[in-house]
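Following are the structures in question.
What follows is subunit A paired twice: with subunit B in the first complex and subunit C in the second.
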Partner chain A sequence: MPSQPPIPPLLSPYLSTAPSASLTLLTSTLGASTNWLVLRFIYAGLKNTSYEKDGSTKEYTENTRVVLVSWLRDGNFWKEGGRKLGINFQKVQIVYALSTGLGLGAGGLAEVETEILKAVATAREVTKENGEARVLLVLDGLDFLLAATGCATLEIMELVGAVREHVHSTLLTSSADLPFTQSPTTALEISHTAFVMGMAHQARIIMSVRGLDTGVARDVSGVLRICRGAGAGDEVDEGDGEVEERECLYFVGADGGVRVFERGA
Partner chain B sequence: MSFRKRNIGLTSPSPLSTSTAQPSPTSTPGVRPSPLDGRPTTSTGTPSLDDLLAGHAGLALGNSLLIEENGTTDFAAALLRYYAAEGVVQGHTVLVVGVGEGWGRELPGLMGTGGKGEKEEQGGGGGDGGEKMKIAWRYERLGEFGTGGRTAGSRGGSALVLDISPPTPNRGPISPVKGQTEPTTPAAFTHSFDLTKRLTVSPGSITYIPVSPPPSSNPFSTIIPSLTRSLNSTPPTTIHRLIIPTLLSPALYPPHSSTPTHLLPFLHSLCSLLRSHPARLSAMLTLPLSLHPRSTGLVRWIEHICDGVLELAPFPHRVEVEPPSGKAGKGEGENPQGIVKVHKLPVLTEKGGGGGGGDDLAFSLSRRRFMVRKFSLPPVEGDQEAQRGEAKVDIEF
Partner chain C sequence: MADRALQHRRVHNLLLIQKLLGLRGDSSPFTLVLDTVEQSAKPLIRHYINNAKISKTDVVYISFETFKPPLGIAAFIKTRRKDAATIQKEISSVVSTTKRALLMFDTLYPLACNTNLDLPSFLSSLVTPTTSLLAIYHMDIPLPPPPNPYAPSPLTSLEFLATTIFTTHSLEQVLSRKRAADKSLAEPVFGLEEKREGVIIGLGSNDPKGLVLEMNHRRKSGRNIEEVFFLLPLTSKEKPLLLDDHPLYRRPDLGDAKSAADEVAAELSSTFDLGITAKQRRDREGVVLPYFDAQKDGFGGGEGGRILYDMGVEDDFDEEEDEI
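== the complex of A and B ==
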């Protein structure tokens, strides 16, 4: 694959800076991870560039910082993938939730909230001198915390609500495999379903990746479905425009480059 | 845009990925850099399993591999034993969870330690050769690594030659020159094992970590501290292999092990430990699916946390005795014994790439090896040309 643009053209309208206080939900399945998408959200967020529908770009003057909290991936993974894209990691505050087991210990969810808010404050601190501070919060794998601690779904959702108040926009990834949500019977499955559903109702956009329905292909990594979430309704007046729903295919190359294309293209 | 064109994407690895400095892996026995991106990999002890792992030609260190198995058989145990035996032979620190020392006494021995054995192994004749050809061909299919087709082809050739003589260390570290023509024999990356032989394991080379029995406590609480202690007390070049046989099996684990709040934090800290030792630690787990089916949320979480997930689905056991195969030179274990499903691959899936290659895969376990290969159904009825070799009766229409 001759080097791909960091942001696939088909995706650019969705990755442009999200409106204030919005939540974007990314869901993944076992063979199809959202990590590549998360990296592109961070890239687009830091670029301060709004991608218009006609392909043109508009620069923002605000300073954006990213706070990345990742429960299932370590910092090296993000940095390695991000460097290839050209993400400036001085602008990314990483909370190492994998190595510290954030939220799994005695501190519980209260500790998670404290840590996130601390990171958000640090990120703000840097941008304060340069004008308005915008923080994009990425919560990667928060659903794991729900499964591993057995805490109530409501508590996690309250946590999300609490930290969302302090940031410009939030990106949340969760797994949404069928075993979790198809016919929830165990406590783990029930709370997972409740969590994903609850977040989908709050989200402005839901982007779901899954494997190819028809089997494995060598030049397709999976299917990306973009839906309007239930949280999109009240924003139409602000002029952000409708979220265009679509389903397309994507391919992640060996070099980390990503192509997103329509079916049959 | 044609369907074909997308395939061109498999270019040579970006220099960026190799620049993530790893302590020169070539110096450590049993570790070699991945042909894809240079990250250190180690052998699972099963060459055809190594070849499955997304072109890295081995299990990338810092990663875990979960082998699930349907039914009451335990083919996965063979894979674990190869993995352990390979570790023992390479002088790695091998840690086994939950089982007693008897487990370590049943590791397969090295193949063909004498000249006679070698002769015997090579006596397979044409059929054997054909099999080797398949190995080479499999390499060709993995032509994604390196600088494209030419390298892959030559590497396939070297595998072809090396694999035929099991006693010699096959497939040494990858070098620009063909391995076997070098005057100094490179350190072996993987070995061949014989299930009928027993590996002599010097006492102390395998550490057994018990699962703590008290019903109130977390049964996994001893594992991570033991592993950390071992990692901290050994020089930074010591490679560790963690082996967890039949996770959650009631024979080894108390009933409350399957509580998500016990199991998932443990796997999470294991994942964390693997990531913080990206050049020293790898892990292999097996999980019997009969008690914990893949349709449950708990198993799905286990799969999410592990880096690679393979599922073995053995064919139903045939009661009638296999008629002796008509084909000369067809060695034992030629018939596939089950299907291998690739759900997730280390490194690749995390980056966003899809699951395994598109081929249907089958495995067969024989005295000499565990073999994963492409699976195709026997010729359909009526396909006379294909059937001629197998069936004697022609069907008339």
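== the complex of A and C ==
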């Protein structure tokens, strides 16, 4: 198989610059991870390229920095995957949430907020030299804190709200396995469902990956569903691009290259 | 007859929805909007904000999950990490006592989570003769288990309190359910109901081309009016219409057959029309009953009733048999 372009053409309209104050929600399941998608969002964000609907690209001048906070993977994992794509990690501020156990110590969620805001401030300071600051915040696996600390959903949502105010746009990943979203019964299931659905109500785009409904296939890794979130209408007044919904298949190759294609293609 | 019923609904219910959306009079002091992630209530909110300008009402937006203040509102209150008392204080500081105001809550989830707060009485305390309330409740966000398992959920109490309840649906999903029902097939399910691992939202959600709005309006008399509308986006400048009138929902070929069937059914149930038209009512009011004449003084007062009859040309009067 020839090497794949870093951004699959079908996905390019969705990865282009998100409008200010917007939230993008990615959900994963145990069998289908969003890591490849997160890397592509970072890549597209740093490229300073917005992808138009007709497939053409448009360069813009604002400098973008990424603040990546991951509770599920360490920095090396992201750097390794990112290097294959050609992400310049000079422009990515990584908060080592996994190795430091961010949010699990005595500081709790308040510590998470200070750490993230510190990283955002650093990223912004760097950008200031080259003009206007624009920060894309990636919160990977924030739902882990719900399970690990048992804090209330509302506290986590308020944390997300507090940090969102300081950045241009936010990318949030969360797991959406069956027990975490379907007829929840235990306290953790209820708070997890509330968190995912609460974020879905704020999100502009919701991208969900899941395994194939029909089982495992050699040439398909899973299904990607892209929907307009409940927050999609927030910026319609300003004539921002509409989100086109779509369900397609994807395949992550051994070399990390990703192919996204329509069903039956 | 079915046509007339539809026409009646069209006239009355479309007037009602425009009155509600236009905030005319104190038509609905507390409007509760139930939405899901499949169809957000945000487009409906924009209609309200737009109409508030025309009806000279201040919109006070109490934001729990909105970051950008919508255009055209009078005040934007951020609520993050504030308790109910502080929020209440901030609301009362921006609401004027003379000008009409509409308080808009973009979600009630944070308040409903607060077990120390009696949500119905908190909301009722905000409603005044000049201030009405509109609150969005997300149906798909589960609340933490209540401390008292026998107490009614906040949603139940709110539904009792509300004077109008709107429920939003996605047009595309409503249409595909109807298409399946028309063919007697199992209706498709969307989003969380799909019960598929990793699916939280269905295709056809939050279509910018419009939404289906289910209304349940309680009149002061206690009668409630239910109707389903199709609400176009604000940019189209079109008025809402009945969902039954939507060209994609109504199927003309089936529709005629159905109304014919309705007429047959109506004829079977009664042999005459119990209704009365406006002209018939006017004519009936104009009729002078004999009893009124009998009550006049000097005309057989106290003598009991008498039948008055004016002879016409067509009457064949027989001296021997008939008497007046």
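Basically, the second predicted complex is superposed on the first by the 265 of 265 C-alpha atoms of A that agree within 3 Å, B and C clash if a C-alpha of one lies under 4 Å from a C-alpha of the other, contacts with A are read in each partner's own complex, and residues count from 1 in each chain.
Rule of thumb we're sticking to: a contact is a pair of C-beta atoms (placed from the backbone, for glycine too) under 8 Å apart; a residue touches a chain by one contact, two chains touch by 3 or more.
All values derive from a computational prediction rather than experimental measurement.
Student: With both structures lined up on subunit A, is it a clash or a fit for subunit B and subunit C?
Tutor: On the shared subunit A, the partners fit.
Student: Using the superposition on chain A described above, determine whether A:G211 touches subunit B (first), subunit C (second), both, or neither.
Tutor: both
Student: Once chain A of both complexes is superposed, is A:G108 in touch with subunit B (first), subunit C (second), both, or neither?
Tutor: neither
Student: Pick one for A:A265: touches subunit B only (first), subunit C only (second), both, or neither.
Tutor: A:A265 sits against subunit B, while subunit C stays out of touch.
Student: Applying the touch criterion given at the start, work out whether A:A232 contacts subunit B, subunit C, both or neither, answering first, second, both or neither.
Tutor: second
Student: Classify the contacts of A:L188 with the two partner chains as first (subunit B alone), second (subunit C alone), both, or neither.
Tutor: After superposing on A, A:L188 lies in contact with subunit B but is clear of subunit C.
Student: Go through the superposed model and pick first if A:W36 touches only subunit B, second if only subunit C, both, or neither.
Tutor: Once the two structures are laid over each other on A, A:W36 reaches subunit B alone.
Student: Now for A:A254: first (subunit B), second (subunit C), both, or neither, which partner does it touch?
Tutor: first
Student: Mind checking the angle subunit B, subunit A, subunit C on Cα centres after superposing, to the nearest 10 degrees?
Tutor: Value: 120 degrees, nearest 10.
Student: Is A:P6 in contact with subunit B, with subunit C, with both, or with neither (first, second, both, neither)?
Tutor: neither
Student: Between subunit B and subunit C, what is the tightest CA to CA spacing in Å in the combined model?
Tutor: Superposed on chain A, the two chains' closest C-alpha atoms are separated by 11 Å.
Student: Enumerate the residues of subunit A that count as touching subunit B in its complex and touching subunit C in the other.
Tutor: The answer is residues 31-32, 177-178, 182, 184, 187, 211 of subunit A.
Student: Which residues, counting only subunit A, touch subunit C once they are in their complex?
Tutor: Going by the criterion above, the answer is residues 20-21, 27-29, 31-32, 152-154, 157-158, 161-162, 164-165, 176-178, 181-182, 184, 187, 190-191, 193-194, 196-198, 200-202, 206, 208-211, 213, 225, 227-237, 242, 245, 247.
Student: Which stretch or stretches of subunit C touch subunit A in the complex?
Tutor: Contacts found on subunit C: 35, 37, 40, 42-43, 46, 65-68, 70-71, 80-81, 107, 109-110, 113, 138, 140-145, 192, 195-208, 233, 235.
Student: In the complex, go through subunit A and note every residue touching subunit B.
Tutor: 1-2, 30-37, 71-74, 76-77, 80-81, 83-84, 98-99, 101, 104, 144, 147-150, 175, 177-180, 182, 184, 186-189, 192, 211-212, 215-222, 250-259, 261, 265
Student: Please give the residue numbers of subunit B that touch subunit A in the complex, ascending.
Tutor: It comes out as residues 1, 3, 6-11, 13-14, 16-17, 20, 36, 55, 144, 260-261, 264-265, 268-269, 271-272, 275-276, 278, 294-301, 303-305, 309, 343-344, 349-358.
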